[in-house]
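Can you read through this structure? Questions will come right after.
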Amino acid sequence: MVLARVDGTVVATRKADRLEGLKLLLVRVLDPKGKPTGPSFVAADAVGAGPGEVVLCAQGSSSRLTPLTENRPVDAVIVGIVDEVEVEGAVTYAKGAA
Amino acid sequence: MVLARVDGTVVATRKADRLEGLKLLLVRVLDPKGKPTGPSFVAADAVGAGPGEVVLCAQGSSSRLTPLTENRPVDAVIVGIVDEVEVEGAVTYAKGAA
Amino acid sequence: MVLARVDGTVVATRKADRLEGLKLLLVRVLDPKGKPTGPSFVAADAVGAGPGEVVLCAQGSSSRLTPLTENRPVDAVIVGIVDEVEVEGAVTYAKGAA
Amino acid sequence: MVLARVDGTVVATRKADRLEGLKLLLVRVLDPKGKPTGPSFVAADAVGAGPGEVVLCAQGSSSRLTPLTENRPVDAVIVGIVDEVEVEGAVTYAKGAA
Amino acid sequence: MVLARVDGTVVATRKADRLEGLKLLLVRVLDPKGKPTGPSFVAADAVGAGPGEVVLCAQGSSSRLTPLTENRPVDAVIVGIVDEVEVEGAVTYAKGAA
């Protein structure tokens, strides 16, 4: 999984039937300190993530292993909202901290 | 999934039987503002996308999770036509806007 | 899928049983104009591709979705021989053209 | 699989149900000498790895092939704790060596 | 698949049960001339490859498509020992040649 930040939303009216009802969020990959370093991509939301939140994304076939995304043509899904990242004993990211 | 722009078409007369009847489009990965930044690849079209449109592409095994692409040897599929991308509260791409 | 050019062949006498009988070709990823830009890799041939031909390659689990490659340990397969690539209304590659 | 070092932990209280009970570790890809060279990512722990340990990570659908991770939306799992890496006859990494 | 050279071995005493009995080799991706150009990774050995040999590696879910690796948490497997690579009519690598 990767750490990512929810940056926005993607709206697609015309889409594959099996995407109906999924919230599609634009996310960007973060380093362990919460700094954007990687590419942006679009993930289905399985946990009710909001804008700016740091989340955990699963990619590939594992994206279909949540009840919301089962059998759907999605290759990335948000599976958790990150509360804290700790690296070598120090907290490098904490939700709510400035 | 990734945001991508439909740049063209690929014609292959001699091909695997299970590719018959699929429209194969050349797409290029975009950043959230709709600027081409990533590589070009070929995706099967599951939604009737047209040239120049900004689309949502699923890759990997999830490409086979639409009725059109089921059991076919495709590793990328267009699953939606993007109407709008919003980043941090601002619309960065809107279909039809110049 | 990616556009690729058949550059050569790979011979492996000692191999997994399930690779027996497959032709293994060395291919290199091309940009939409047919210029080699990407990495080289080895793909199973499902369409009878020849040296120098521009082909369409599927990768990942979808590589096993042709009758020839079913249940085999291959992660790339040639699924089509490209006749023409058209980008923004102009032909950027045509088979047989110099 | 890749060699990686366990750098930290990720805590996510709100998450997909099927992630419950999994320990999520932050790991970073290493070169054969144990030097961090690759990206950081988050892996489920299937072997009880501790901070600073060099581990073996499997990615993609194979991440679900341990009893702990079966049917869960994870795309990376720690499947071994590395005791020794040997390159061209010389030990380049040994657990416990300074 | 990719061409790779067997550079060494990885020993992991504590590991997922389903990895038991597999030989884990450190390999490095080669270009068509046999020059190391890509990253190093760890692959299960399904063909009895030895140090220094040029091999063919399959990655992803296809890694589990050999009798030795079936249902195991591996994402890379050596499926062949390369005897010869030919590019544009010229042999660029031959086993045993200096």
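When the chains are written out, they are named A, B, C, D and E in that same order, and each has its own residue count from 1.
The rule is short, and it goes like this: contacts are C-beta pairs under 8 Å (C-beta built on N, C-alpha and C of every residue); 3 or more make two chains touch, one makes a residue touch a chain.
Predicted model, so just to flag it, every value in this text is computed and none were measured.
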item	value
Smallest number of contact steps required from chain B to reach chain D	2
Centroid distance [mean C-alpha coordinates] between chain E and chain D, Å	20
Centroid spacing, where centroids are CA-atom means, of chain B and chain E in whole angstrom	33
Residue numbers of chain C (touch at least two other chains)	60-61, 63
Ring topology as an ordered chain list, initiated at chain D and continued via chain E	D, E, C, B, A
Touch list for chain B against partner chain C, complex	7-19, 24, 26, 39-43, 51-52, 60-61, 63-64, 71-76
Of all residues in chain D, those that touch chain E in their complex	1-3, 31-32, 38, 46-48, 56, 58-63, 65-67, 77, 79-89, 92
